[in-house]
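One structure coming up, written as structure tokens, with questions to follow.
Order as written gives the chain letters A, B, C and D; numbering starts at 1 within each chain.
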Amino acid sequence: MVNYLEIGRQILASQPFSQFLGAQLDEFSQGFAQISLSLRPEFLQQYGAAHGGVISYLADNTLSFAGGSVLGPGIITSEFKINYLKKALGERLVAQAKVASAGTRQVVCTCEVWAVTGEEKILCALAQGTIVSIAPAAETNN
Amino acid sequence: MVNYLEIGRQILASQPFSQFLGAQLDEFSQGFAQISLSLRPEFLQQYGAAHGGVISYLADNTLSFAGGSVLGPGIITSEFKINYLKKALGERLVAQAKVASAGTRQVVCTCEVWAVTGEEKILCALAQGTIVSIAPAAETNN
Amino acid sequence: MVNYLEIGRQILASQPFSQFLGAQLDEFSQGFAQISLSLRPEFLQQYGAAHGGVISYLADNTLSFAGGSVLGPGIITSEFKINYLKKALGERLVAQAKVASAGTRQVVCTCEVWAVTGEEKILCALAQGTIVSIAPAAETNN
Amino acid sequence: MVNYLEIGRQILASQPFSQFLGAQLDEFSQGFAQISLSLRPEFLQQYGAAHGGVISYLADNTLSFAGGSVLGPGIITSEFKINYLKKALGERLVAQAKVASAGTRQVVCTCEVWAVTGEEKILCALAQGTIVSIAPAAETNN
């Protein structure tokens, strides 16, 4: 039986940028991933909320993990779109992504990013993107 | 006469996340912005290229500066879309954004992100997004 | 009590392009809309499935109805993104859109487009977009 | 020597929906396509401008032609994003798309859609999307 969470955490640990920001893989199963991040002061923009770039990193990476849960480890984000919804004020950012449609070489995933403080959570961004396998035929990179 | 570059650099300096990553505003004029970043080892993904999250940060922020050059300082990114094109291998990432269409409260901008090593440069991502003024009527946040 | 469906059908009837294609509003409530279309031979592309332009029309319009259910009748689509997932082969296209996050002047909605034949249905596209109120402050148009 | 325009017009003629709307391929070369459409009354929305669905059809199809000029005839639109910029009021819609980055199986293109009346033209939409080859490995459809 595949231990998704253990494998996923090894992959996250192999991404220098994810380690640099302190991202954690909370849940990982066939078609689903949750990654979270403590909101440190250096992750903010000038208005006191999380910078959009932190949110887009989290969306991008969680989309790619959801895609990888179906396609296998050799994958990249080909493209995504994100809408920022509410000010990302909170102690942590939590992103949940799931597979909407899967082929053998490419999957489309959606992602919600929440700003969380204790029991309260605010939906602060919504993303949708394409994850592709990087076996020989693929060409883009993330 | 407005000194765009000086004002822009003060705004970038007020963004903790941009300071954390070491982003620099190279050029800033009516309708145009260029922001760059040295590619430090901690900005990479597991395949040795810049992580998509670093590229998406840079696209998001450069889009917002281009938009702000027209709308004024109180702006946020409402949404954007990014396509990753080529492996982002290089010494620096350089993003150039320009305004495609402007209204009084909202502008649409496009952005190219290049991976640069000496004289060589690779177009590694393309983005398109909406920047909105955050005077009283606006509600989303970046 | 507001009769959403009746009002919505009047609005759809006032859109020449929706009439031209024969779109029907099946369901309409606070935060939700379903619009469908019989797949006539003239709506296809060269491979025998529905043309992407028919699917994108349906996504765009259903997103705007979902947004309008919250914002009121004077709205437009500001932007959207669509991923085509599977060949749109079927008797009808059915699009369902819902509001993901609402402000007073702008909402973000998501939409699924299904190709339906009898009891069978295939998820053929996924869209996400921004609907804005076109009271005096708004500037874009759809 | 390849006669792009002649081949392209045969492909456009083989798309029932493009024929239904009366789309015309004006220019077609390596990496570039221009498709236009007379704005008939049945193409409008309730406010008197072209319906977003007509504009998105034109963006989708012109993107796919630009992509096809590089990838060859067996291609589909995998995904795209569109921003509506200004009211599409005019006699004709003219869309111009070009290739931004090309691989052997997938290209990313951008597209501008103009509303044209005589010598006047208004940039009414901007799109960006991915066109993929539908040789055996591909799975999505447009």
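In the analysis below, contacts are C-beta pairs under 8 Å (C-beta built on N, C-alpha and C of every residue); 3 or more make two chains touch, one makes a residue touch a chain.
The structure presented is a predicted model; accordingly, all values stated were derived computationally and were not measured.
Simply put, of A-D and C-D, more C-beta pairs touch at C-D.
The contact pattern of A-B recurs in C-D, the pair among A-C, B-D or C-D where over half of the contact pairs coincide by residue number. When chain centres are set by their Cα atoms, the one at the greatest distance from chain B is C.
Once the centre of each chain is set as its mean CA position, chain A and chain C turn out to be 28 Å apart.
With centres defined as mean CA coordinates, chain D is found 32 Å away from chain A. Chain centres here are Cα means. That of chain C falls 20 Å from that of chain D. In chain B, the residues touching two or more other chains are 78-79, 81, 83, 85-86, 108, 130, 139-140. Every residue of chain C that touches chain B in the complex is listed here, in rising order: 78-79, 81, 103-106, 108, 130, 137, 139-140. Looking at the complex, you find that chain B touches chain D at residues 81, 83, 85-86, 100-101, 108, 110, 123, 126, 128, 130. Chain D contributes residues 11, 14-21, 41-47, 49, 51-58, 60-61, 64, 76-88, 124, 139-142 to its touches with chain C in the complex.
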